[in-house]
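This structure is in structure tokens; I'll ask about it shortly.
For clarity, chains are labelled A, B, C, D and E in written order, and residue numbers in each chain start from 1.
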Amino acid sequence: MGNFVVWVVWVMAAFACLGSGAAVVSFSNPYYSALALIGNLGSLAVLYLLLSAEFVAAAQVLVYAGAVMVMFLFVIAYLGRHADAPWAGGPNWQALGAVAAAGALMVEIVVVIGLKASGRLSHGPEIGAGFGSPYEIGKLFLTDHLLAFEITSIVLLTAAVGGVVLGSHARGEEERA
Amino acid sequence: MSSWLATILVFLPLGGALLVWLLPVGRVAGPLALLIALTEVGFWINGLTLIDFDRTSGPSFDQQTTWFSDLNVSYHVGFSAFSFWLAGLAVVVMAAAIAYGFWVGRERPRAYFGLMLFLTAAVVGVFASEDLLLFYVFFEAMMIPLYVLIGVWGGPGRLGATVKFVIYTMAGSLLMLAAVIVFGLSSGSFDLVDSNPSNSTWLFLGFAIAFAVKAPLFPFHGWLPDAYRESSPEVAAVLSGVISKAAIFGFIRICLGKFPGPFDDFRNVILALAVVGLVYGSLMAFRAPDVRGVIAYSSLAQMGLITIGVFSLTSMGVSGAVLQAVNHGLISATLFLLAGAIERRTATGSLNRLGGMARGRPALATVLMVTGVIALAVPGSSAFAGEFLILAGIFGFGWGWAVAGATGIVLAAMYMLRLISAVLHKEPGPAVSDAALDLRPAELGIVVPLVACLLALSMWPAAISERVGDENTPLFPQKAEFPAFPGSVP
Amino acid sequence: MIQTPSVDWFALSPSLVALGAAAICLLSAVLTPRWLLRPFAAFVCALGFVGGLVMASLVYWKTPEAHLIVADAVSRDRFAAVAQLIVMGSGLLAVGVSYSARMRQDHIGEYYALLATAGAGMAFLVQAGNLMTLFLGLEWFSVCLYILCAIETDLVGSLEAGLKYLIIGGMGSAVLLFGSALVYGSTGELGFSAIADATRLHDLSGDPILLVGLAMILAGLAFKASAAPFHMWTPDVYDGAPTPVTGFMAAATKAVALVLALRLLSVAFPEKEDVWTIAVAFLACASLAWGNLAALVQTRVKRLLAYSSISHAGFMLIAVAAANQLGARALLYYLIPYAAISIGAFAVVAARERELGETVTLENLSGFGWERPVLGAAMFTFMLGFAGFPLTGGFMGKFLIFSAASERGWNWLVIVGVAATLVSLYYYLAVIRAMYMRPAAELGLAPIGGSPPREVLLTSAVVAAMIVNVGAFFAIQPLVDLTRTAAQALPL
Amino acid sequence: MKGPDLTWYLAVAAFLFAIGALGVMLRRSPLIVLLSLEIMLNGANLALITFSRHHGQLDGQIFALAVMAVAAAEVVVGLGLIVAVHRRKLELDVDKLSTLRG
Amino acid sequence: MIAAAWVCLLAPLGAALAITLGGTRLSRRAAGYLATASVATSFVASTVAFFSILGDPAEERTHLSTSWTWLSAGNFDVGLTLLVDPLSIFMMLIVSGVGALIVGYSIGYMHGDEEERRYFAYMALFVFSMLLLVQSGNLLLLLVGWGLVGLSSYLLIGFHHERPSAVAAAKKAFIMNAFGDATMALAFFVLIQRTGSLSFDSSFQWSGDNAGSWAVNLVALGLLGGAVAKSAQLPLQTWLPDAMEGPTPVSALIHAATMVTAGVYLLVRAAPVFEAAPHVQDLAAGLGAATLLVAGLIALVQVDIKRVIAYSTMSQIGYMFLGAGLGAYANSMFHLMTHAFFKALLFLAAGLVIHALLGEQDMRKMGGLRQFLPRTYAAFLIGALALTGIPPLSGFFSKDSILASALAAGTYGQVLFAVGLAGAFLTGLYTFRMVFLVFGGEPSPYAREHFHKPDRSEPWLWMSLTVGVLTIGAVVAGWIQFAGIWTPLSDFLRPVAEPLVEPSGAQDLLASFLAVGLGIAGVAVAWAVYSARTLTVPQARVVRAVLEHKFYFDELYDWVFYRPTVLLARTLRDYVERPVLLGSIDAIATGARRIGNEVTELQTGLVRTYALAIAGSVTVLALVFVWVK
């Protein structure tokens, strides 16, 4: 019974995910694309939940759908409306090749997984209730993946500096102007 | 001291080059370089008194230190009997070339003379190296100064000529690099004395082609005409006189010494190339429109002849080859320097604008005549001795080779006489004015020693021919038996 | 109470020192007065790299046998230490080159901070022990480089380079990431050696997922090493980025990418050696062919060098493909002179660029050798080193690499390498020709600044590079010993 | 509660990855290209989490979290670049940014 | 005597070096004296050697002296060895004696030429080379001398090097001789291969042991090739007439008295080899006969006085070949000696004529010079008579002894004997044609206006003195041997070359009778045609054309050898060298660059393309990975 509900939720989430993903690529207006991406991230969070990764799901919603996308929207608003037709421009073989390559890539991975997936790729061992809970995650972050945790901070800091360096051109310009 | 001689011969010019480069003032570069070159000659002569030509255990002045141990590469230098002669040729000709450059007064003297000294070191190193990788290093190192010397101080078409020259010769020597690596790894050591002979055809070809390009042998001489025409005379002298002998060294020391089996298998092929080259080069020289063209193609022919001697695989042939290598080195060096002198006076090298230079220019006439006559191997000249030995050596292997070689020699008479009479004889050509003076004392001082060497060798060619080692010395492969007179029936 | 693992600070010290220097630079950007900023930041940054050098050599000295540290996240071994030495050295040279660059005044501090951070990231990456640290380390210095490329925001070229690098780099790391995901999925492990064990344990060597994952990881690394056919961003980015940054990228990025590739492949995928050696060999051939042929027709020197760096990636991939101790040795040895001469070469280009105030082409390089004897001579040796002429470390590097291939029994690969070298001669010699051999009429393009500027740091950096290049030839024994013990850290 | 087999999740992941790649290859607006990169990373994340579920370890999830941070970092830098480009009065079109070529 | 031999050899060399190095510090005249003195020294030395050798018993007159090993390799070595034996002494005497006279003559003849020094240096060099040739103690050294005389002949023929014709003639002479050298060298290669040495003894020993074998025949042929080339016998005779471009004394010394006779010397010296290859020896005789006939015929139509003498030289050497080929070694050496005298005399007298006419050599412009130059006329006449073989002049004895031997040498010999007789007739004819054209009749207008009386200055004295001495020689030289009765020369040479034929007294008488008769007949015809004008020359156009074109040998060689060589060279240069061997490089280079351009076309600068490249490559790579497994 519960299984059925899971199925329904999964199907809805999955299709939302695929649809929004496709939408991001195909909208001509970045603004809509960004919105579509928010949807995509949300539906992904649902899938994470189904995979019993609560903390990740939460983080997904907060970090991504929250912070990152907001930043995106700000920038888009700042730059104003820049639309471009998805299929236009570039050498004529570009679009064709792009579709072909992307399709091939997906098909390949899917096929490979299908090959492998003959039964073995089930939900592995039974997992405890705490699986994916903030406590477990945090513990791992402090033990096994301490370094990763630290490095992440470094990367973020660097990125911040970069944002300042690249974005804060104003000073120089005003001096010139 | 005596064990250090090879090292000294290699590193004295190298140090000199560095000294000249780092020198603050350019004016003293020339004299300094000349001094070093002469010292080099002095050391070689000293070695001549010390060396034991008949030693059968390893090279003389043998010196070895590990370079890097992983692959058993070592700095191993020394002289076999025959390579010592080639080294002597190198130091003498280089000294003459440096002197010529100094007399002409090349611009940017520091760079120029530094490079010349560097070149000296590299060439001597080639002849001195007893380690395969070391040999390759010097073999390649020669290209560096040559590239610049031709490219900077060469003639109008020098840019194209240098590219052709470097790329072409490197094509050969890079193949050799592959061969060196495979050989060294398979035999576990890069040492030329210790490593065992190999039977791999491919490796042999790797080496042989490199040397065939360097020599050059027909049909690998595509770089030759331009390089010899565009480079300045003294560099051309070095090119044809000394650099090409590196190939002969390789043929004898490596192809013959390390690949007796394939050497036998490919004898006929290479002999064919050499003979064709001999005749072909002579024909080209016979029709060449300018002085340098004649000399250039004649040295193509001569290298073919020398190669015949090496591949005759008889002590006569090989001795003759070494003797002839020295002769040809001196001859073509002298001829190129004279060509330079002529071009300085007439601003052209094309034969139909020259002529009649003998009248009123006795020194030029005499020197050119003597050299040319020796070059066409008039009996009694050292060149005659060398060619006689070579052909006598090859005769028993196949009389056809000897006959072809003999025709080559008749052709040599034809083109050399053509050159002489076109420059010296008949009515003065349009480019020859009375302002074109006779050779200056300085020029004589540069050229005459070379000619003197030739005449001395003509008096006593045996000095070299009986001192290149025979089947007992390490020069020759252990396995290949070595008939004194091929096919001689008891 | 959570038991945090013991952290071997000493092992991490090289990157930590550089990171500390970066922090100080960052602060100095705000705290020091303008006139002091440039020398101070540069000095601190250089100090950081020197410290990195010192610590790395200490680690090398104190680490007889390899082992994993900090909960198996990173490994402490001499292999990494040597790689860190190379990174730090090139960072130091880069500082010297950058110093007199006409750079936007108001980001000096950040510039050096980012340079140091990038160095730290690379130093960290080479000792990565599992897929996560690998990915993070990669992103760490990549982000720095994205910014550094674009830091000359006044120049369109710089911006374009940054954006291109960012987009393509993002894609590359995404590929790498997905690959790691697949590998993780197949083996359930992130640690390199653990992956190998799992593969052996569950006999997964035939597992398609693992294979695809491996392929994707390989692609990601090949991308960073700018090996064909994942190299297409290289010329544009190298061309557009500020020249000192280009030099640093060319030297260090390639180094770490290749070192890491060798470590990952040899530690994590020994079971698949038969597969990935072939693949790497293929990449090597592709890079050699593409890089050299494209370089033949270049006129802009920076682009030319970019393509040449692609072909050199090919050479070093030969060493990786050899997959033997000799190969590992050859790779490390090759990197030492290579790093020095690529930075040196770009430094010379930078010097000429500042003289002329325009992009350096073969045309306007003419006469340079005679005008600036020291730089000219250095460039001469650099070109010889690239081309693998004797008396330069480049020759010995090629020699070792070919030997490695031959030892594996792949003489055909040697032939390919030799042929590539031959083609490469053409354009390396073209540079020398441009510098020295132009007819007198074309000589002496008057630099806009009149007499050439005295750039002490840059010159000394170039000379240092030249010394490394030539010294590596003569003093090969110690370097080979260094690399031998380093290579023994790998299970080859 | 099991729900669908993990293969399906992976299929979705693969699709996301591919569609993201398609976006990068297809779109000229740098903003949308950045978004597409995000999608690619998210596809990878989904794969990671799925596998971590499959193995019953949390490593994958940790990895995914780290990736999120990194993705954020990339976005920051990317947006900074885009703003800088905009400041230089250049059109926001990656095809127009092709002064370097050949 | 060994010392004497060395002095004899080295004195001229010393002079040559001294003159060369002395340069302008040496006055022209001094150079002449030096050269003459040195050659005279050689003559004295050889006389000393001669008398000292006479002291030895007949069988121990062979002495070898080696100074040092000249060439050696492996266990082959050749010493710088001198051989002193009757044959070499005989040649030394001729060479140095006649040489001394002619060099002395040159002091007068070359007086006033601005390059006297060069001339005398060359002359000394030549004498040295010739002495080396005849004194050499092994075959290789003989070849060395052989080549060096060729060289000096080249130098002297081309002495007037501003004259293209002279240069061309010199080249022609050298290259034809080079061909001869080559054949000799090949013969030596065979010897080396078989015996491992080039000493006379071992070679003769070996050829004696396997006589008639292919190898021996090859060796003999090679030697014959050298001899034929050097002695301007058919078919390599064409260079000699052109060689008259050189100064007249040169023609006298090199192209009459000494060098061109070296072939005969070789035939005699290497007699054992030739005897071991009888067919080749017969061939030599046959060639000699053919040459003497052909040369005699051509001489009939020549108008250049020196060329006439040159052709007569060819035909006389033909006699010598005939003799040597039939094994009458001593006789042909005898004729060699007498010929040296009277032919040198003729040339030098002709030189006087030419000198007096300011260098004019065309006989048609001469005539009636008897009145202007009576003494010269006398000398010339004596020489002519000797050449024709009129007793008791020298030519008579030597030529007839050869003919007698031919008569004695079987049917083949008798055929050649007939040819020889015909030659005798021709000799008389063309010789006296020359005499009458030059000296006979009334002075021609050209002679009248161009003749200048030689001043009785020192140079003139040198010239006339020499001519006088040679005149005496031409008269008496024959008296040292009188066939069948008094044969010191034959006995002297016997130990070296045992003659194969010994004519009987009757044969001697018959030969002499016929020869002299035909000679006189020839003279008579010449008198009738050119002096008394009672007979007129038959207008046989074809014959005349053939003779004037010297039987078209030059044209033949031009078409068969020279032109094809040039054509081949051109073809190779234009169709192989330039397009293929040189062009291929550029083609490869451009090809590589074109590919490079193609490759960089892909570098569109569009980031999307790069992304596409990555995605595509990943796909392929992964596919390959999965597929490989």
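Just so we're on the same page, a contact is a pair of C-beta atoms (placed from the backbone, for glycine too) under 8 Å apart; a residue touches a chain by one contact, two chains touch by 3 or more.
All of these numbers come straight from a predicted model, not from anything done at the bench.
> Compute per-chain Cα centres, compare each with the mean of all protein Cα atoms, and return the closest chain.
That would be B.
> Using C-alpha centroids, which chain lies at the maximum separation from subunit C?
Measuring from the centre of subunit C, the most distant chain centre belongs to E.
> Measuring between Cα centroids, which chain is at the maximum distance from subunit D?
E
> If you tally contacts for every chain pair, which pair is highest?
A-D
> How many angstrom lie between the centres of subunit B and subunit E, each centre taken as the mean Cα position?
Between these chains, centre-to-centre, one finds 36 Å.
> Taking each chain's centre as the mean position of its Cα atoms, how many Å separate subunit A from subunit D?
Once rounded, the distance between the two centres reads 6 Å.
> Taking the mean of the C-alpha atoms as each chain's centre, how many Å separate subunit A from subunit C?
Going by mean C-alpha positions, subunit A sits 31 Å from subunit C.
> I'd like the Å distance between the centres of subunit C and subunit E, where a centre is the mean of that chain's Cα atoms.
The answer is 78 Å.
> Show the residues in subunit E shared as contacts by 2 or more other chains, in ascending order.
Residues 589, 600, 603-609, 611-612, 615, 618, 622, 626 of subunit E touch two or more partner chains.
> Quick check on subunit A: which residues sit in contact with 2+ other chains?
Those would be 90, 94, 97-98, 101-102, 105, 108-109, 112-113, 144-145, 148, 151-152, 155, 158-159, 162, 164-166, 169.
> Scan subunit B for residues touching two or more other chains and write them down.
Residues 163, 167 of subunit B touch two or more partner chains.
> Touching pairs of chains, all of them, please.
A-C, A-D, A-E, B-C, B-E, C-D, C-E, D-E
> Within the complex, which stretch of subunit D touches subunit E?
Residues 21, 24-28, 33, 94-95, 97-102 of subunit D touch subunit E in their complex.
> Taking the touch rule as given, give the residues of subunit E at its contact with subunit C in the complex, in rising order.
Within the complex, subunit E touches subunit C at residues 589, 592-593, 595-597, 599-600, 602-603, 605, 607, 609-611, 613-615, 617-618, 621-622, 624-626, 628-629.
> For the complex, give me every residue of subunit A touching subunit D.
My answer: residues 2-3, 5-7, 9-10, 14, 17-18, 21-22, 24-25, 27, 30, 33-34, 37, 40-41, 44, 47-48, 50-53, 55-56, 59-60, 63-64, 67-68, 71-72, 75-76, 78-79, 82-84, 86-90, 94-95, 97-99, 101-103, 105-106, 109-110, 113-114, 117, 121-127, 131-132, 136-137, 140-141, 144-145, 148-149, 151-152, 155-156, 158-160, 162-167, 169, 173.
> Applying the document's contact rule, which stretches of subunit E touch subunit A when the two form their complex?
Per the touch definition, subunit E meets subunit A at residues 604, 606, 608-609, 612, 615-616, 618-619, 622-623, 626.
> Going by the contact rule at the top, pick out the subunit C residues touching subunit A in the complex.
2-5, 7, 19, 26, 70-71, 73-74, 104, 106-107, 110, 113-114, 117, 121, 124, 132-133, 136-137, 139-140, 143-144, 146-147, 150-151, 153-154, 162, 182, 186, 207-209, 211-212
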